[in-house]
Amino acid sequence: MATTAVDTTKPRAQEVKPPRRPPRRGISDTLRAYFLNAPAMIVIGVLVAYPIGYSFWLSLHKYNLKLPALERFVWFGNYLSLVTDPEFLTSLKVTVGFVVVVLGLTVLMGTALALVLNETFVGRGLLRSLVLLPWAMPGVVNGLMWRTIFDAKTGPLNGLLYQLGFIDSYQAFLTSPTGAFLITAVAQVWNTLPFTVIILLAGLSTIPGELYDAAKVDRAGVFQRFRQVTLPWLLHPLLIVLILETMNAFRAFDTIYVLTGGGPGDATNVIAVLNVRTVLTYTDFGLGSAYSWVITLVTLVISIGYISVLYKKGSIEI
Amino acid sequence: MAEVRLENVRKEFGGVVAVDDLSLTIADREFLTLVGPSGCGKSTTLRMICGLERTSGGEVFFDDQPVAHLPANKRDVAMVFQSYALYPHKTVAQNIGFALRMMRVPKAEIASRVDQVAASLGIENLLERKPKALSGGQRQRVALGRAVIRDAGAYLLDEPLSNLDAQLRVTMRAELKRLHADLRRTFIYVTHDQVEAMTMSDRIAVMKDGLVQQCASPEEIYARPANLFVASFMGSPPMNFLHGEVQREDGKLLFRHQGIAIELPDHASAAVDDLSGREAVLGIRPEDVLLGVENGTAAKIFVAELLGADVLVTVSLGEQLVKARVPAPYQVGVNAQVTVEFPAEKVHLFDPSDGRAVLAARSATPLNRQDSVVANQSPAAAKGDTG
Amino acid sequence: MAEVRLENVRKEFGGVVAVDDLSLTIADREFLTLVGPSGCGKSTTLRMICGLERTSGGEVFFDDQPVAHLPANKRDVAMVFQSYALYPHKTVAQNIGFALRMMRVPKAEIASRVDQVAASLGIENLLERKPKALSGGQRQRVALGRAVIRDAGAYLLDEPLSNLDAQLRVTMRAELKRLHADLRRTFIYVTHDQVEAMTMSDRIAVMKDGLVQQCASPEEIYARPANLFVASFMGSPPMNFLHGEVQREDGKLLFRHQGIAIELPDHASAAVDDLSGREAVLGIRPEDVLLGVENGTAAKIFVAELLGADVLVTVSLGEQLVKARVPAPYQVGVNAQVTVEFPAEKVHLFDPSDGRAVLAARSATPLNRQDSVVANQSPAAAKGDTG
Amino acid sequence: MTSIPASRPALPLMSRIPWRKIILYTVAILFALWLVLPFYWIVNMSFMHEVDATSVPPHFLPKDPTLANFLGFIHPTTDQALLGSHAVADTPYALMNSMIVALTTALFNLVLGTFAAYSFSRIQFKGSQVLLIVYLLTRMVPGIAIIIPFYLVMRALHLLDTYGALILSYTTFALPITIWILKDYIRSVPRELEDAARVDRCGWFRMMWSVFLPISAPGLVAAAIFAFMTAWNEFMFALFMTSTISSQTMPVIAANFATDLNTQVTLMAAAGVVAVVPPLVLVLICQRLIVQGMAAGSVKG
Amino acid sequence: ACGGGGGNGGSGAVKFSGWDYESALVQQNVARFQQLNKDIKVAYTPITSAQYVQKTVAEFTGGGGPDALYVYDDSLAGWVGADYLQPIDGLAGVDEVYSGIYPSNAQAMTVGGKRYGLPYYTDSQCLIYNESILKKAGISAPPKSLDELEQQSLKIKNAGILQYPIGVTGQLQDTWWAWVWGLIFASGGDLFDANGEPTMDGKDATAKNVFAWLHKAATVSKVIDPAVLQLLPVPLDNAMKTERYAFTVGARYALRDYNDPTKSKAAGKLKIAYVPSLDGQVVGTVSNTRMYCLGKNTEVKDKALKLLNYMGGLDSSGKPYTSKFWFQQKGLGFPFRALEKDPDVLQTLGKFADPTIYAKLASLARPRTAIKQPWYSEYENQQQKTVQQIINNQTTPDAAVKTLAQSVASLKKKYS
């Protein structure tokens, strides 16, 4: 139809046009985006770029403060030595178990709790605030609290179970390797659950209510509504939760350190405890940095794994 | 499902009464249209039928069973939401096929039915898009598709065609009528398009302020509006209204308005008794007003507008403007004198105190079933409706 | 602002061409209506004018100045979004007054203007509600109010009345026309309602698949559609089309269709030369078809539908169905024999290869300016349009 | 219109039982117990006399409740004053420091995070994915690896033992996650609203302030709480970057309690309680902002 | 409670930091020092003891670091190696101090033949027993040998007085488990020879025998509380004060608290004894030394030295003022022999421990031989884990000593 004279274009008012500026396009999107990112990039860049680079540099060195004379560049020697380091390997095993247990519990409980808190019921406001309680507790206090609770001599848990007749004498819960492992996991879950709940709850609050209406009309039951409406909308928050909780679980230190110090034996000697000890107690900065970078890389790989798995599930773009 | 019955249903939103004591029975297989001014409670009524909104009072029955305890997903109704409510994270195909998936229909069947529905809606090439990437009308069609793909007990359609162009609307109307004929299910339809209401419905329920004003067949609504509101709401251009008094004079029944006397038919006797001594409102549709007849009342042409084959002539009768619809050509200049007549058989009388119709026209001009549900059909489909 | 000009504007969404090489000049103070089938790119065009969407090609000019670099908030246009886009956290009053607040209008003035606009939209008692607590039509009015409260250089209205009832729509149309008259600004209006398009616009641009098919006055569009698409899209019921051939016979210009010969007017000579030997499409509007005349072609009544004052008669002319609109009453039984005539002056000829109109009707029936922008007015306002 | 039937069929029994409510409340109560019980023990202890705190069998209610532990924070007794290098007397100041640091961190995070998050959720730009991962990467390096060089940086900036050091460290910690959190919530705000605001003549900042932020309030609250809590209970950096009560935060002081050989568990419990209360109060205030379906009714389609 | 300090000592103030044990008393003492030396200002920073080492390392690594500071004996060698500290040989007052203290302390403060510290306090491990519990079980004298300890414990256990009579600190920590070293040294053995070579897996069977005893006591006769694996020093103190254990191996100064009626229900009942040995002989125990040292890069060396001398040396009258102050105030063990006979000291000591045993322990005590090794802290951690495994029956004494020897071997390799 291009031939049709659709447009009665008027003759130009003046033949001599003013020298037309080349049409200014707004600044390019990419530029604008980086402009918006600049403050964050500057703060992060200025403050942590150097430390991060430095720590990676250190991880390529043999470097123990106590023996400055031995300092030397060893390429990936520290990393290679880890492969044969029995302590590291056991610790890796413990850590993986710990991460799996903690992550599983956190995500399941967190989702359940967020869903509950998203409903209206008497006392919701209170429960919503209570959810944050564990988070507000400094890690040291948290560790001490759990110590007190599980104390073999004076712990209220022992007292309670004893009074209720579940046990016939006080138990030293933290002294068996399994017990210690599970208890640290529980304490960690208790401590990090609020983050999951808050993020998921905020995610839930963005779901347009009318989608549930539509799904109800489309005959989706409670479970299907969760799967078809809630879950897809929660993918993004879940991704954050997964990444951050994985990171947290890999770096869980405070609570474990206070509760068991990594013991008994190697039962709770997760890599983070080992890492902190190596750096701060043994002042082995080279090896310590290598540990840190192993943690970093593992969490990075796992995170990218999450991202790509969820990405494949569709409807998610980072 | 079959009959849907609302009994004294009421809905308040924290003080705002959206639906106020509404009773309505929609028979099995009926096509009922809800019309009414914006904000009168149509959508709310649908939502209550559907189970998305709890009633604040009264009861909803499906086939004589109260359904208050049934959640929406157990009620077996399909609905087109006024706001579409598409799943933004699903493609068009997934949106349309969702209900079937919930009913565990096999994948292949879903796919073929989705294709079929999409084709009938003209969105077959958008199936892989997300709603975000659709135009307004395309979204509305997806919303419609999501409902019509189902085999539900009742279909609730909340202004499902409002954002479509005229042509498409005609096609869609035909599709919906066909669906209604094929499925033989209850349809409850909300629309602002009077042509749609008139041509598609078995009955129309006219609502105002959360109350049903009249629920009857389109012809009945048009010919015998139950009250002033219905009379003024249905019909375009709307009915003329004259305020005056009724009296008996010399055995004649008369309506007097500013010195003009209009004779009323004999059967108006009871109505006149009812209203005598009080103000009365006379109503007459523009197409029933006669111009230029002998013995008519003198009036002046105020304005005349060409409506294709007709002319809409507005005459001033004293202070009052009256519209008349007469066949074109009608070549009379503005301010020209003309005579007007209101045929006795065609006037309505209303009691202004409560708006109630006390006299309906005996032979109103038949309804304007203008549109084209039929007009667009193939010869075979068109047999029923011959004028 | 004054003139809005689009030059070869193009918009792609990752492969999907929404607007394809669109050129259009909207004069200062003009009321231009965009019509077209769902998904043809109307909203996208508005969004590009407004600066919400970057063009993928071409350029938008305001008063001869390219505006590509101007963000939406610097363009001084007001817009009603098809999807409303109300601020959910603000009350109706805040929604409507927001733009004024952004322009630092004093509080008291905002309040009074909001009240005034709300009153004209009939939502004065909803001012303190949040959008969530409004009905669909109420939301749409808020969206409209948000645009009309402003004093902008251009107003872009994307189906602003689609969810309103007929009465309200009439009132709102009048309001918009009054606003246009008062403000004397450019209005670009999208609607699916042909009556709206016909009665309100200075010019109508008919779009299809991202291209403007014709842009002209309503009368022109109706009487001289530039191509088959425009001819079929505008008008309800749509124009009749007959496929056949043109030839000169005995100095006469004839259109032949299945043994029927239709005489063409003399000025069709050029058109006939153009099309001869090829297929041609003859178009005629239903109101131009004459029934029961002498010398007419024999046909059979297929169906007749009463449209109030008119009857829409469908006759079968051989295999072909042709619609005719004749004044009521028209009392002929189905299958009765009838004669049909297509007055030579009123036929259109189209080239089916590209749809182009090669012959426009010389004297088409004047446009169906049916509606009531005027009809509803007070005596004073109505003077302009007398028939 | 219809006559009311004489007798209404009774509802089926199963549907008269409010299953949903029962399940909801059961789960809610179970979670409440899980959240509260451990903490309850601390609260319980904080009202006890030292001797009762470790008694066998335990007292599940303070035998002889006392406020002495809490009063200690205002007027420490001589005994209390000596504990954990002034920990008792320092507690109120530490709380104030924590509050200042945490609130400022939260604020910084929201401001910087919003800018960046906006770009990720609304602009398609080259390198956005890489940048996002890089942000995350900075957070994935364990704090222990960077604490020493970080200390050097702070020293170079002359920020040691000031709020600045803490605020900056916590901002860098929380920012990547904040950006990740916020980008999703910003994305969930309908784009049309941004368009509408533009047409209503809002500049970008105004649009963010008047339209975006109120609607993404739940996300902002979540991000703010996250940043706040990160700052509130971080221990290691607080310990290393500060040395006096002019900037020491509550976790450092709480650790002082814990390591003192003369420590009193009840006093420590009381410190734990006061350390937890301020954030909870803040959240109680903020939580009305976590509203369901903020954008409801705003766009059609 | 605000105050400047630490980093902002300013013009010439002596930056002095220490772990936060009784920091109020330290502050008081510092104030006194400033009274006496009006020209010197001291900026005292107490640091949480659990993180003292780490934080100090950070400060030194960051190029700052205090002028004068507390140092643990087991950090000393490392810090010297890391070049944080400077020797004080030949400086005023140092020789006098070194000649007045126990040799074990002098040895602990010397690295590579150079003296680095002036003593803060010292202490040695002893057996602490609850006399009244023993009496109740019909035992009149504390055990001399480990077997005796086990027998007595069984008696107490069988009498139903306590389920587990022996308690020690058994949770992994970054500080040492003195009692393990105490048990081995008491039996005349060691884990390392004088050159820091491991002897536990061969030459010297003491460790293995002590481990065997531990294993038996924990898993066969079950007199060691399994819950010790989650026991830290403070809870252990509380347990002793509330008479939940009859025996522990601990530092002498703990008795001061244990026998303080205002702090302990068991005041007066807890007594000091020699650490039981394998054969019942009294041949040794382990000691530790806490000291004051001088930062390497101090710019106020003279002033800092004055402070050091005030804190860890002798005053103008030749008396170790601060050392005595600590003993009198808190019972911290004094490194100065002369104080053994000081009447004030004797009087105080009488309130909580037998002066004879107290003094004898001090003279018998030896520092750990391995603390000068750079890998000592790793080793200590390994040893703690191994002992935990012995106590909860995850390993055998044989395997334990092997593990320890192996870990030393690999640590040595790592540090070469």
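Letters A, B, C, D and E name the chains as they come in the text, with residue numbers starting at 1 for each one.
Quick note on the criterion: a residue touches a chain if its C-beta (ideal position, glycine included) is under 8 Å from a C-beta of that chain, and two chains touch if they have at least 3 such contacts.
Here is each chain with its UniProt name: A = Sugar ABC transporter permease; B, C = ABC transporter ATP-binding protein; D = Carbohydrate ABC transporter permease.
As the structure is a prediction and not an experimental result, all values here were calculated from the model.
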If a chain touches chain A and chain C alike, it appears here: B, D
Chain pair with the greatest number of C-beta contact pairs: A-D
Interchain centroid distance [CA atoms averaged], chain C/chain E, Å: 95
Length of the line joining the C-alpha centres of chain A and chain B, rounded to whole Å: 57
CA centroid of chain B to CA centroid of chain C, Å: 24
Residues of chain E touching at least two other chains: 51, 54, 61
Overlap residues in chain C, where contacts from two or more other chains coincide: 71, 82-83, 133-134, 136
Set of chain A residues in contact with two or more other chains: 153, 208, 210, 233, 280
Chain A contact footprint on chain E (complex, rising order): 51, 53-54, 57, 61, 77-79, 81-83, 163, 171-174, 225-230, 235, 239, 244, 374-375, 377-378, 381, 384-385, 388-389, 391-392, 394, 414-416
Footprint of chain E on chain A - complex, ascending: 64-68, 70, 81, 147, 150-153, 169, 172, 174-177, 259-266, 269, 277, 280-283
List of chain E residues in touch with chain D within their complex: 1-8, 17, 20-25, 45-51, 54-55, 58-59, 61-64, 233-234, 237-238, 242, 257, 263
Residue numbers on chain D that touch chain C, as the complex places them: 190, 192-193, 195-203, 206-207, 210-211, 214-215, 293-301
Sites on chain D touched by chain E in the complex: 54, 81-82, 84-86, 89-90, 93, 147-148, 151-152, 155, 160-161, 239-240, 243-246, 252, 255-256, 258-263
